[in-house]
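Each chain carries a letter (A, B, C and D) given by its place in the written order, and its residues are counted from 1.
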Amino acid sequence: MRLRLCLYGGLQRVGGGREHALELPGETMSVAELRAAIARAHPPLAPHLPTAALAIGDTIVTDDGQVRDGDEIGLLPPVSGG
Amino acid sequence: MRLRLCLYGGLQRVGGGREHALELPGETMSVAELRAAIARAHPPLAPHLPTAALAIGDTIVTDDGQVRDGDEIGLLPPVSGG
Amino acid sequence: MTEQVDTTRWIQQGPLPLEALLAETDDPECGGLVVFGGTIRKENHGKRVTRIRYDVHPPLAARTLADLEAEVLERFPVRHCRLQHRVGTLELGECSVWVVVRAKHRAEAFEASRYAIDQLKRRAPIWKEEFYEDGTSEFLKGCSLVDGHHEH
Amino acid sequence: MTEQVDTTRWIQQGPLPLEALLAETDDPECGGLVVFGGTIRKENHGKRVTRIRYDVHPPLAARTLADLEAEVLERFPVRHCRLQHRVGTLELGECSVWVVVRAKHRAEAFEASRYAIDQLKRRAPIWKEEFYEDGTSEFLKGCSLVDGHHEH
(Lines give C-alpha, C1' and ligand atoms only; values in the text may rest on other atoms or scores of the structure.)
Protein backbone atom coordinates (compact mmCIF):
# COMPACT_ATOMS: atom_id res chain seq x y z
CA MET A 1 0.00 0.00 0.00
CA ARG A 2 0.97 3.59 -0.55
CA LEU A 3 0.53 6.22 2.18
CA ARG A 4 1.16 9.94 2.29
CA LEU A 5 3.11 10.79 5.44
CA CYS A 6 2.84 14.46 6.49
CA LEU A 7 5.16 15.85 9.14
CA TYR A 8 4.15 18.80 11.31
CA GLY A 9 5.94 21.34 13.48
CA GLY A 10 9.58 20.61 14.27
CA LEU A 11 9.32 17.14 12.69
CA GLN A 12 9.59 18.76 9.25
CA ARG A 13 13.14 19.70 10.12
CA VAL A 14 13.93 16.28 11.52
CA GLY A 15 12.37 14.38 8.62
CA GLY A 16 13.23 16.81 5.81
CA GLY A 17 10.03 18.49 4.61
CA ARG A 18 6.27 18.12 4.97
CA GLU A 19 5.32 15.27 2.65
CA HIS A 20 6.81 11.83 2.23
CA ALA A 21 5.48 8.87 0.27
CA LEU A 22 5.52 5.56 2.15
CA GLU A 23 5.36 2.29 0.21
CA LEU A 24 4.51 -0.60 2.53
CA PRO A 25 3.64 -4.26 2.01
CA GLY A 26 0.00 -5.40 2.27
CA GLU A 27 -3.29 -3.49 1.96
CA THR A 28 -3.69 -2.58 5.64
CA MET A 29 -1.74 -2.58 8.91
CA SER A 30 -2.20 -1.46 12.49
CA VAL A 31 -1.04 1.96 13.61
CA ALA A 32 1.49 0.24 15.89
CA GLU A 33 2.96 -1.53 12.86
CA LEU A 34 2.94 1.74 10.92
CA ARG A 35 4.91 3.46 13.69
CA ALA A 36 7.57 0.76 13.44
CA ALA A 37 7.60 1.13 9.65
CA ILE A 38 8.04 4.92 9.92
CA ALA A 39 10.95 4.45 12.32
CA ARG A 40 12.62 2.08 9.84
CA ALA A 41 12.00 4.31 6.81
CA HIS A 42 13.00 7.55 8.61
CA PRO A 43 15.43 6.73 11.45
CA PRO A 44 15.78 10.39 12.55
CA LEU A 45 12.04 10.39 13.38
CA ALA A 46 12.33 7.32 15.64
CA PRO A 47 13.18 9.13 18.92
CA HIS A 48 10.20 11.48 18.37
CA LEU A 49 7.60 8.78 17.80
CA PRO A 50 6.73 8.07 21.46
CA THR A 51 5.44 11.65 21.98
CA ALA A 52 4.03 12.10 18.47
CA ALA A 53 0.33 11.50 17.86
CA LEU A 54 -0.75 9.97 14.60
CA ALA A 55 -3.72 11.19 12.60
CA ILE A 56 -5.50 9.56 9.69
CA GLY A 57 -7.11 12.44 7.84
CA ASP A 58 -8.59 14.69 10.54
CA THR A 59 -8.84 11.99 13.22
CA ILE A 60 -6.22 11.11 15.81
CA VAL A 61 -5.89 7.35 16.08
CA THR A 62 -4.49 5.05 18.76
CA ASP A 63 -2.06 2.19 18.17
CA ASP A 64 -4.83 -0.36 17.59
CA GLY A 65 -6.26 1.66 14.68
CA GLN A 66 -5.84 0.47 11.09
CA VAL A 67 -4.34 2.28 8.12
CA ARG A 68 -5.31 1.53 4.52
CA ASP A 69 -3.86 2.21 1.10
CA GLY A 70 -4.26 5.87 0.16
CA ASP A 71 -4.52 7.20 3.71
CA GLU A 72 -3.00 10.54 4.59
CA ILE A 73 -1.04 10.08 7.80
CA GLY A 74 -0.22 13.12 9.95
CA LEU A 75 2.62 12.82 12.44
CA LEU A 76 1.96 15.36 15.19
CA PRO A 77 4.68 16.22 17.71
CA PRO A 78 3.82 17.94 21.03
CA VAL A 79 1.70 21.01 20.28
CA SER A 80 2.40 24.64 21.16
CA GLY A 81 -0.40 26.81 19.77
CA GLY A 82 -2.00 29.86 21.33
CA MET B 1 -23.71 79.86 53.07
CA ARG B 2 -25.19 78.61 49.84
CA LEU B 3 -24.54 75.09 48.59
CA ARG B 4 -25.58 73.23 45.46
CA LEU B 5 -26.97 69.83 46.40
CA CYS B 6 -26.92 67.28 43.53
CA LEU B 7 -28.84 64.04 43.85
CA TYR B 8 -27.76 60.91 41.96
CA GLY B 9 -29.38 57.63 40.94
CA GLY B 10 -32.69 56.83 42.63
CA LEU B 11 -32.33 59.79 45.01
CA GLN B 12 -33.44 62.08 42.16
CA ARG B 13 -36.85 60.46 42.37
CA VAL B 14 -36.97 60.66 46.14
CA GLY B 15 -35.80 64.27 46.32
CA GLY B 16 -37.45 65.58 43.14
CA GLY B 17 -34.76 66.27 40.54
CA ARG B 18 -30.99 66.56 40.30
CA GLU B 19 -30.16 70.00 41.68
CA HIS B 20 -31.30 71.74 44.83
CA ALA B 21 -30.06 74.97 46.38
CA LEU B 22 -29.34 74.79 50.11
CA GLU B 23 -29.16 77.98 52.17
CA LEU B 24 -27.57 77.32 55.55
CA PRO B 25 -26.37 79.54 58.42
CA GLY B 26 -22.65 80.26 58.83
CA GLU B 27 -19.74 80.08 56.38
CA THR B 28 -18.74 76.46 57.04
CA MET B 29 -20.00 73.33 58.79
CA SER B 30 -19.00 69.69 59.21
CA VAL B 31 -20.31 67.04 56.86
CA ALA B 32 -22.13 65.47 59.82
CA GLU B 33 -23.95 68.77 60.41
CA LEU B 34 -24.68 69.03 56.69
CA ARG B 35 -26.25 65.55 56.69
CA ALA B 36 -28.58 66.66 59.49
CA ALA B 37 -29.39 69.85 57.57
CA ILE B 38 -30.21 67.87 54.41
CA ALA B 39 -32.53 65.58 56.40
CA ARG B 40 -34.36 68.64 57.77
CA ALA B 41 -34.60 70.40 54.38
CA HIS B 42 -35.62 67.24 52.47
CA PRO B 43 -37.33 64.80 54.85
CA PRO B 44 -37.87 62.13 52.14
CA LEU B 45 -34.07 61.85 51.79
CA ALA B 46 -33.56 61.19 55.52
CA PRO B 47 -33.96 57.38 55.43
CA HIS B 48 -31.45 57.17 52.57
CA LEU B 49 -28.70 59.20 54.22
CA PRO B 50 -27.06 56.37 56.22
CA THR B 51 -26.11 54.48 53.02
CA ALA B 52 -25.47 57.56 50.87
CA ALA B 53 -21.92 58.83 50.45
CA LEU B 54 -21.33 62.54 50.23
CA ALA B 55 -18.97 64.13 47.74
CA ILE B 56 -17.62 67.66 47.61
CA GLY B 57 -16.75 68.21 43.97
CA ASP B 58 -15.04 64.98 42.84
CA THR B 59 -13.96 63.84 46.32
CA ILE B 60 -15.93 61.62 48.68
CA VAL B 61 -15.75 63.03 52.20
CA THR B 62 -16.31 61.50 55.63
CA ASP B 63 -18.47 63.01 58.38
CA ASP B 64 -15.59 65.01 59.87
CA GLY B 65 -15.00 66.85 56.57
CA GLN B 66 -15.95 70.53 56.21
CA VAL B 67 -18.20 72.19 53.67
CA ARG B 68 -17.88 75.82 52.61
CA ASP B 69 -20.01 78.38 50.85
CA GLY B 70 -20.22 77.61 47.13
CA ASP B 71 -19.45 73.90 47.42
CA GLU B 72 -21.14 71.44 45.10
CA ILE B 73 -22.39 68.56 47.22
CA GLY B 74 -23.12 65.20 45.60
CA LEU B 75 -25.36 62.77 47.44
CA LEU B 76 -24.48 59.27 46.22
CA PRO B 77 -26.74 56.33 47.02
CA PRO B 78 -25.46 52.73 46.72
CA VAL B 79 -23.90 52.28 43.28
CA SER B 80 -24.84 49.79 40.56
CA GLY B 81 -22.63 50.40 37.53
CA GLY B 82 -21.16 47.86 35.14
CA MET C 1 -13.12 73.04 43.47
CA THR C 2 -13.68 70.24 40.96
CA GLU C 3 -10.51 69.74 38.96
CA GLN C 4 -11.23 70.05 35.24
CA VAL C 5 -10.08 66.74 33.77
CA ASP C 6 -11.18 65.21 30.49
CA THR C 7 -13.64 62.67 31.84
CA THR C 8 -14.32 61.22 28.37
CA ARG C 9 -11.25 59.02 28.71
CA TRP C 10 -13.30 56.96 31.18
CA ILE C 11 -16.93 58.08 30.84
CA GLN C 12 -18.58 58.37 27.44
CA GLN C 13 -21.98 59.33 26.13
CA GLY C 14 -21.96 57.32 22.89
CA PRO C 15 -20.94 53.78 21.96
CA LEU C 16 -17.54 52.79 23.31
CA PRO C 17 -15.07 51.95 20.51
CA LEU C 18 -13.14 48.87 21.66
CA GLU C 19 -10.72 49.28 18.75
CA ALA C 20 -9.43 52.53 20.26
CA LEU C 21 -8.70 50.87 23.60
CA LEU C 22 -6.93 47.97 21.88
CA ALA C 23 -4.82 50.35 19.80
CA GLU C 24 -4.00 52.46 22.84
CA THR C 25 -2.76 49.45 24.83
CA ASP C 26 -0.95 47.72 21.93
CA ASP C 27 2.35 46.45 23.35
CA PRO C 28 4.79 43.81 22.05
CA GLU C 29 5.94 43.17 25.64
CA CYS C 30 2.54 41.55 26.23
CA GLY C 31 1.41 38.06 25.29
CA GLY C 32 -2.05 38.10 26.83
CA LEU C 33 -5.01 40.40 26.27
CA VAL C 34 -8.23 40.03 28.24
CA VAL C 35 -11.25 42.16 27.45
CA PHE C 36 -14.38 42.20 29.58
CA GLY C 37 -17.52 43.80 28.18
CA GLY C 38 -20.76 44.27 30.08
CA THR C 39 -23.78 44.09 27.81
CA ILE C 40 -27.43 44.99 28.32
CA ARG C 41 -29.41 41.84 29.06
CA LYS C 42 -33.08 41.60 28.25
CA GLU C 43 -34.02 39.84 31.46
CA ASN C 44 -33.16 40.56 35.09
CA HIS C 45 -34.70 38.98 38.20
CA GLY C 46 -37.50 37.62 36.01
CA LYS C 47 -38.46 40.99 34.51
CA ARG C 48 -38.25 41.87 30.81
CA VAL C 49 -35.83 44.75 30.38
CA THR C 50 -36.23 47.05 27.36
CA ARG C 51 -33.33 49.43 28.01
CA ILE C 52 -31.07 50.78 30.75
CA ARG C 53 -30.21 54.32 31.70
CA TYR C 54 -26.94 54.95 33.50
CA ASP C 55 -26.74 57.96 35.76
CA VAL C 56 -23.13 58.95 36.45
CA HIS C 57 -21.22 61.50 38.54
CA PRO C 58 -18.73 62.14 35.72
CA PRO C 59 -15.76 63.78 37.49
CA LEU C 60 -15.88 61.41 40.47
CA ALA C 61 -16.47 58.37 38.25
CA ALA C 62 -13.57 59.35 35.98
CA ARG C 63 -11.32 59.70 39.02
CA THR C 64 -12.53 56.39 40.47
CA LEU C 65 -11.81 54.58 37.20
CA ALA C 66 -8.41 56.26 36.79
CA ASP C 67 -7.48 55.32 40.36
CA LEU C 68 -8.66 51.75 39.82
CA GLU C 69 -6.58 51.45 36.63
CA ALA C 70 -3.50 52.54 38.62
CA GLU C 71 -4.35 50.18 41.46
CA VAL C 72 -4.66 47.22 39.07
CA LEU C 73 -1.23 47.98 37.61
CA GLU C 74 0.19 48.03 41.12
CA ARG C 75 -1.54 44.89 42.47
CA PHE C 76 -1.05 42.62 39.44
CA PRO C 77 1.90 42.02 37.11
CA VAL C 78 0.05 43.52 34.16
CA ARG C 79 1.25 46.31 31.86
CA HIS C 80 -2.04 47.93 30.82
CA CYS C 81 -5.46 48.41 32.33
CA ARG C 82 -8.08 50.65 30.74
CA LEU C 83 -11.64 51.15 31.92
CA GLN C 84 -14.50 52.88 30.13
CA HIS C 85 -18.15 53.18 31.09
CA ARG C 86 -21.09 54.66 29.27
CA VAL C 87 -23.58 57.18 30.55
CA GLY C 88 -27.14 57.66 29.31
CA THR C 89 -29.60 55.25 27.73
CA LEU C 90 -28.47 51.93 26.25
CA GLU C 91 -30.46 49.46 24.19
CA LEU C 92 -30.41 45.66 24.58
CA GLY C 93 -27.11 44.07 23.61
CA GLU C 94 -25.19 47.34 23.79
CA CYS C 95 -21.96 47.48 25.74
CA SER C 96 -22.01 49.54 28.95
CA VAL C 97 -18.45 48.98 30.11
CA TRP C 98 -15.08 47.81 28.78
CA VAL C 99 -12.20 46.48 30.85
CA VAL C 100 -9.04 46.01 28.76
CA VAL C 101 -6.02 44.37 30.39
CA ARG C 102 -2.74 43.34 28.79
CA ALA C 103 0.00 41.37 30.52
CA LYS C 104 3.05 39.36 29.70
CA HIS C 105 1.19 36.18 30.66
CA ARG C 106 -2.47 35.27 30.42
CA ALA C 107 -3.12 34.12 34.00
CA GLU C 108 -2.39 37.57 35.39
CA ALA C 109 -4.44 39.26 32.68
CA PHE C 110 -7.49 37.15 33.60
CA GLU C 111 -7.09 37.81 37.32
CA ALA C 112 -6.58 41.53 36.91
CA SER C 113 -9.55 41.85 34.56
CA ARG C 114 -11.81 40.03 36.98
CA TYR C 115 -10.63 42.22 39.86
CA ALA C 116 -11.09 45.42 37.86
CA ILE C 117 -14.71 44.76 36.88
CA ASP C 118 -15.64 43.55 40.38
CA GLN C 119 -14.17 46.69 41.94
CA LEU C 120 -15.62 49.00 39.31
CA LYS C 121 -19.07 47.68 40.14
CA ARG C 122 -18.51 48.28 43.86
CA ARG C 123 -16.86 51.66 43.70
CA ALA C 124 -17.78 53.68 40.64
CA PRO C 125 -20.45 56.35 41.23
CA ILE C 126 -22.74 54.99 38.54
CA TRP C 127 -26.41 54.06 38.89
CA LYS C 128 -28.38 51.71 36.69
CA GLU C 129 -32.05 52.40 36.01
CA GLU C 130 -33.76 49.45 34.34
CA PHE C 131 -36.78 50.09 32.12
CA TYR C 132 -39.26 47.24 31.77
CA GLU C 133 -41.72 46.06 29.18
CA ASP C 134 -44.64 47.06 31.40
CA GLY C 135 -43.58 50.72 31.24
CA THR C 136 -42.15 50.88 34.76
CA SER C 137 -38.52 51.49 35.69
CA GLU C 138 -36.40 50.80 38.72
CA PHE C 139 -33.04 51.79 40.14
CA LEU C 140 -31.22 48.62 41.19
CA LYS C 141 -30.09 47.99 44.74
CA GLY C 142 -26.38 48.62 44.83
CA CYS C 143 -23.22 48.82 46.92
CA SER C 144 -22.99 51.61 49.45
CA LEU C 145 -19.94 53.84 49.15
CA VAL C 146 -20.15 54.63 52.90
CA ASP C 147 -17.49 52.78 54.92
CA GLY C 148 -19.06 49.95 56.88
CA HIS C 149 -21.86 49.59 54.37
CA HIS C 150 -20.04 47.37 51.86
CA GLU C 151 -22.49 44.53 52.10
CA HIS C 152 -21.19 42.70 49.00
CA MET D 1 -11.35 10.27 4.04
CA THR D 2 -10.94 13.81 5.37
CA GLU D 3 -14.33 15.47 5.58
CA GLN D 4 -14.32 18.70 3.59
CA VAL D 5 -15.33 21.36 6.11
CA ASP D 6 -14.69 25.07 5.89
CA THR D 7 -11.73 25.31 8.24
CA THR D 8 -11.56 29.12 7.93
CA ARG D 9 -14.22 29.44 10.61
CA TRP D 10 -11.49 28.40 13.09
CA ILE D 11 -8.17 28.64 11.25
CA GLN D 12 -7.25 31.73 9.25
CA GLN D 13 -4.30 32.86 7.19
CA GLY D 14 -4.70 36.63 7.62
CA PRO D 15 -5.44 38.90 10.58
CA LEU D 16 -8.39 37.74 12.68
CA PRO D 17 -11.21 40.31 12.71
CA LEU D 18 -12.50 40.43 16.29
CA GLU D 19 -15.46 42.54 15.18
CA ALA D 20 -16.82 39.60 13.18
CA LEU D 21 -16.70 37.29 16.20
CA LEU D 22 -18.40 39.89 18.38
CA ALA D 23 -21.14 40.42 15.81
CA GLU D 24 -21.60 36.68 15.35
CA THR D 25 -22.08 36.12 19.11
CA ASP D 26 -24.17 39.24 19.77
CA ASP D 27 -26.96 38.14 22.13
CA PRO D 28 -29.28 40.17 24.40
CA GLU D 29 -29.63 37.15 26.69
CA CYS D 30 -26.02 37.75 27.72
CA GLY D 31 -24.68 40.27 30.21
CA GLY D 32 -21.02 39.31 30.15
CA LEU D 33 -18.52 39.13 27.31
CA VAL D 34 -14.96 37.94 27.85
CA VAL D 35 -12.42 38.04 25.04
CA PHE D 36 -8.98 36.52 25.30
CA GLY D 37 -6.38 37.42 22.69
CA GLY D 38 -2.92 35.93 22.45
CA THR D 39 -0.39 38.38 21.06
CA ILE D 40 3.15 37.95 19.78
CA ARG D 41 5.62 38.95 22.49
CA LYS D 42 9.07 40.22 21.67
CA GLU D 43 10.80 38.25 24.42
CA ASN D 44 10.57 34.60 25.45
CA HIS D 45 12.85 32.74 27.86
CA GLY D 46 15.32 35.61 27.62
CA LYS D 47 15.55 35.56 23.81
CA ARG D 48 14.54 38.43 21.51
CA VAL D 49 11.76 37.23 19.25
CA THR D 50 11.29 38.93 15.86
CA ARG D 51 8.30 36.94 14.56
CA ILE D 52 6.47 33.64 14.95
CA ARG D 53 5.39 31.12 12.36
CA TYR D 54 2.47 28.85 13.20
CA ASP D 55 2.34 25.48 11.52
CA VAL D 56 -1.16 24.00 11.63
CA HIS D 57 -2.93 20.78 10.62
CA PRO D 58 -5.98 22.71 9.35
CA PRO D 59 -8.73 20.06 9.21
CA LEU D 60 -7.75 18.49 12.54
CA ALA D 61 -7.23 21.87 14.19
CA ALA D 62 -10.61 23.10 12.92
CA ARG D 63 -12.26 19.99 14.33
CA THR D 64 -10.41 20.31 17.63
CA LEU D 65 -11.50 23.94 18.01
CA ALA D 66 -15.09 23.15 17.01
CA ASP D 67 -15.21 20.29 19.52
CA LEU D 68 -13.72 22.50 22.22
CA GLU D 69 -16.33 25.20 21.55
CA ALA D 70 -19.07 22.60 22.01
CA GLU D 71 -17.42 21.22 25.14
CA VAL D 72 -17.22 24.69 26.69
CA LEU D 73 -20.94 25.25 26.07
CA GLU D 74 -21.64 21.94 27.79
CA ARG D 75 -19.33 22.34 30.79
CA PHE D 76 -20.10 25.98 31.62
CA PRO D 77 -23.36 27.95 31.74
CA VAL D 78 -22.30 30.14 28.83
CA ARG D 79 -24.24 30.80 25.62
CA HIS D 80 -21.44 31.38 23.11
CA CYS D 81 -17.87 30.24 22.67
CA ARG D 82 -15.89 30.97 19.51
CA LEU D 83 -12.27 30.13 18.87
CA GLN D 84 -10.03 31.30 16.04
CA HIS D 85 -6.34 30.74 15.46
CA ARG D 86 -4.00 32.04 12.81
CA VAL D 87 -1.64 30.07 10.63
CA GLY D 88 1.53 31.40 9.00
CA THR D 89 3.91 34.16 10.00
CA LEU D 90 2.94 36.81 12.56
CA GLU D 91 4.78 39.98 13.50
CA LEU D 92 5.26 41.32 17.04
CA GLY D 93 2.05 42.50 18.68
CA GLU D 94 -0.19 40.66 16.23
CA CYS D 95 -2.96 38.48 17.55
CA SER D 96 -2.56 34.72 17.05
CA VAL D 97 -5.73 33.52 18.73
CA TRP D 98 -9.11 34.80 19.86
CA VAL D 99 -11.37 33.23 22.45
CA VAL D 100 -14.79 34.91 22.60
CA VAL D 101 -17.22 33.83 25.32
CA ARG D 102 -20.59 35.31 26.18
CA ALA D 103 -22.69 34.33 29.20
CA LYS D 104 -25.59 35.59 31.22
CA HIS D 105 -23.20 36.37 34.08
CA ARG D 106 -19.58 37.42 34.08
CA ALA D 107 -18.11 34.85 36.48
CA GLU D 108 -18.96 31.99 34.14
CA ALA D 109 -17.70 33.88 31.12
CA PHE D 110 -14.30 34.37 32.79
CA GLU D 111 -14.05 30.72 33.85
CA ALA D 112 -15.07 29.37 30.47
CA SER D 113 -12.67 31.67 28.63
CA ARG D 114 -9.79 30.59 30.82
CA TYR D 115 -10.65 26.94 30.32
CA ALA D 116 -10.97 27.34 26.56
CA ILE D 117 -7.56 28.94 26.02
CA ASP D 118 -5.83 26.50 28.39
CA GLN D 119 -7.34 23.52 26.55
CA LEU D 120 -6.71 25.00 23.10
CA LYS D 121 -3.03 25.26 23.95
CA ARG D 122 -2.95 21.64 25.09
CA ARG D 123 -4.98 20.06 22.36
CA ALA D 124 -4.93 22.00 19.10
CA PRO D 125 -2.55 20.59 16.46
CA ILE D 126 -0.67 23.87 16.10
CA TRP D 127 3.09 24.40 16.36
CA LYS D 128 4.88 27.63 17.14
CA GLU D 129 8.24 28.37 15.55
CA GLU D 130 9.93 31.38 17.12
CA PHE D 131 12.37 33.41 15.05
CA TYR D 132 15.07 35.28 16.96
CA GLU D 133 17.11 38.42 16.45
CA ASP D 134 20.26 36.34 15.95
CA GLY D 135 18.75 34.72 12.83
CA THR D 136 18.01 31.35 14.44
CA SER D 137 14.59 29.82 14.96
CA GLU D 138 13.17 27.19 17.26
CA PHE D 139 10.06 25.09 17.62
CA LEU D 140 8.88 25.36 21.21
CA LYS D 141 8.53 22.35 23.48
CA GLY D 142 4.85 21.54 23.68
CA CYS D 143 2.16 19.23 25.00
CA SER D 144 2.06 15.72 23.62
CA LEU D 145 -1.24 14.62 22.11
CA VAL D 146 -0.42 10.99 22.94
CA ASP D 147 -2.39 9.69 25.95
CA GLY D 148 -0.15 9.36 28.98
CA HIS D 149 2.14 12.08 27.73
CA HIS D 150 0.18 15.06 29.07
CA GLU D 151 2.94 16.32 31.28
CA HIS D 152 1.11 19.54 32.26
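Throughout what follows, a contact is a pair of C-beta atoms (placed from the backbone, for glycine too) under 8 Å apart; a residue touches a chain by one contact, two chains touch by 3 or more.
Every value quoted in this text rests on a predicted model; they were computed, and no experiment measured them.
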Query raised in the report: So which chains count as neighbours of both chain B and chain D?
Result: C
Query raised in the report: How short can a chain-to-chain path be from chain A to chain B, counted in steps between touching chains?
Result: 3
Query raised in the report: Looking at CA centres, what chain is most distant from chain C?
Result: A
Query raised in the report: Any idea how many Å lie between the Cα centroids of chain B and chain C?
Result: 25
Report task. Indicate the whole-number Å distance between the mean C-alpha point of chain C and the mean C-alpha point of chain D. Result -> 26
Report summary line: Cα centroid separation, chain A vs chain C, in Å, comes to 51
Requested in this report: Two or more other chains in contact with one residue: find those residues in chain D.
Outcome: 38, 117
Query raised in the report: Which positions of chain A touch chain D when the two form their complex?
Result: 6, 8-10, 12-13, 50-53, 55-60, 62, 70-72, 74, 76-82
Report summary line: Listed in rising order, chain D residues that touch chain C in their complex are 18-19, 22, 26-43, 92-93, 95, 102, 104, 106, 109-110, 113-114, 117
Report summary line: Note: in the complex, chain D contacts chain A through residues 1-3, 38, 54-57, 59-63, 85, 96-97, 117, 120-129, 139-147, 149
